[in-house]
């Protein structure tokens, strides 16, 4: 019997994802208690977190378990990720040992690791999370890697189901937003995958040079088609928003300038108008489309405060749903069958 | 029904405070078990802590609950506190979203936020803690803000009751102490409010230019008078100590030079004699007055080691009482009625 | 009745250590549940950790208790360790107050404190951990101090018993390894003490100028002889490895150049061949001796990846055993007698 990891939504079958979402709904309704007595989740945060840490820790506690947090470089050892490294530099602990050892203490390992390098050809392989999964003999959960943020994707899916009801053939727009920094593409890719899972018609509105990785497009398109939807990519933001049922505003950096902040900034210059405003949210279907964001959001930069504070924003529900989908995921991966 | 926050002792009625203190006594005696099953407290520490973090975490655990800790800028995102900010700078998460989201995961939110700015006219509004309370729909607990440290005040009150018995008309001296840095006024204000609540005659002994905020004086005086005591302010330290029953030594910076460290340091120069020494503690009533401090204390700078290690020091009891008053506070705010 | 600390293995009698190891075996087999309800362990980490923090936190949780973590200088106050300090500098909290206060919140205090100073004559007194023990009225557990890492020693002993069976008269080699930094001697000293406790013939293979403290040699030799073994020190690494049953590879800095990194580095230069290679591990008894390391290990610098990933490496078992020996230790020190 092999252990099961959760590194990307598309690694699991659609039936498995639907079962998770159904269990999340039952968790949210208060119908699922216990299941994690004496269970330990070890979390390794190589990057900052608010929702992820708070919701995972709460998820374990609510079911009787415990989540512990290690922060390499901040309280825990700096980590080496190159499998073949001769470690005579500044990194102290190899992820091989960290993965093996934490697998002895904990029932599952959860890892956050943002891209750090300068070469997308390397980063797109998502080696850090994959090596954690390879060397740990317990389930490994992706808390956002270079390529994916699948717990966020699950929460996005649950939130759209809650607010839109039947999602098939409804229109989902992932809109690029300006941001002072070049952010990773894990969240936008995962949000579009979530929408594809729901059978929605997915439109990605982004300026030239801001395409997601071609493989991401292939995954989104393939999944959308299997589930009855489709994928379109456009640079006509306002046109895309017309009649949309859900708008996911999110900043990300150009992969064409990955690892070159100055060049990337030059590409971004002049695009501050790519922002979800009240005027834009009114373009949505019936003027009532929902606005999503993974948070943290740059207020009045990615999304205007008036939208975030208005009735169409579901960002707080979306953040809450992180808790419930993760309860379901943890119960599925490491829960006991006893009540 | 509106939620109830705990931002300042004076926000609650004297009867409510007395009920809290009575419940704290029962907690300390071991008469109160449980009450926090499945309850989560989210703590946001924007500044360092030892007692507060350890005692809150212990308080939740002892009753079956769980406290989680987030540290903006150290493991969690840097936070924007300006409600109208256009977030194109370095802050990543707005407290509006943080407050709303944590209110979804947790049953209460507790926040530590020291003054950071350079303008007392702004800091005295205590906007960060007040905005957390405004945007979170669960109870918000102040773990020390720019103006108040009410959990410390509760512990101070309990400690004085334990050691002094009847406190009415007994003499409480808040003495300014020299310190290498200009510290906030939240603790001295809260300690004097606690003494006022106990009906004590409050004397604040401080050098010229070291007055607390006029509003603090008004709150202390008003509360003291309602409870049968009074407030005096003096620069005669030794005279104030003569016959005192409780001495609270504490450093704070001059509000007249707030945000101007060099000018403030010049004011402080030559005042290292403002220190609680053995000679001074012997001036107290019967030579047996108690010495209080919120901790951390600068040994041999604010209070001499001989005093801290001597029989009149109650600083460790005071720190222990943080645990018990917070158990009472948490049970009151978010405890279940079931055992 | 006086409280009992765990600062060094040799502070406890051999019978007490054997009883701990026996309880650890029962914990590992799943034969010991509960015992820590409402028990709190306060951990103070003045230095980084992965295994120690994760395993202590897990140990407390598995038996119903709770471990909380404070990190002075990172979320908690910077700490003063000089008992007589006039605290007018940058340290904010004295360990005297920290020890006293945490003893009020917690049932035991655990502290990690690496040597920081430049003078081995001072550091060898291990004053920080000893002062925590002196001023805290609850049991204090050493999570690695300047001189000792006794929880690691317990895990080393358990691991060797598991893998070697009868250990009496078997050969244990502590081999110095090159490392880019001058590391402390607490781990190698504690590993040799553990082997001495097991009655093994201990050989320390190190280059000239890399002796452990003379007192360490005396403790190791004395204990080894009482338990039927012995101590030898050599600079013939390959000769020492011939026929060894257990090899503990570990880097440490020269005490002769303590606090002088440049001079120490000059001593280390040219010694990169002091590394546990596949060729060297084949020199062991029957070519099948076990390889130990406390972790984190510098891959391909202290020990080659092929050895760490090979069948003779027990480093992950050793790390797992940290959990079980600490469960036993905590149950012994603060466990309740009720189930």
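Chains here go by letter, A, B and C, matching the order in which they are written, and residues are numbered from 1 within each.
One rule holds for everything that comes next: a residue touches a chain if its C-beta (ideal position, glycine included) is under 8 Å from a C-beta of that chain, and two chains touch if they have at least 3 such contacts.
This structure is a prediction, so every number in the text was calculated from the model and none was measured.
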Subunit A and subunit B share contacts with C
Comparing which residue numbers subunit B and subunit C contribute to their contact, where sharing over half means same and under half means different, the two sides are different
For the pair subunit B and subunit C, the C-alpha centroid-to-centroid distance in angstrom is 39
Where subunit C touches two or more other chains at once, the residues are 74
Per the touch rule above, subunit B residues touching subunit C in the complex are 45, 48-51, 53-55, 57-58, 61-62, 69, 71, 74, 180, 295-301, 305, 308-309, 315-316, 319-320, 323
Residue set of subunit C touching subunit B in the complex reads 38, 40, 42, 66, 68, 70, 74-77, 80, 84-89, 92-94, 96-98, 100-102, 104-106
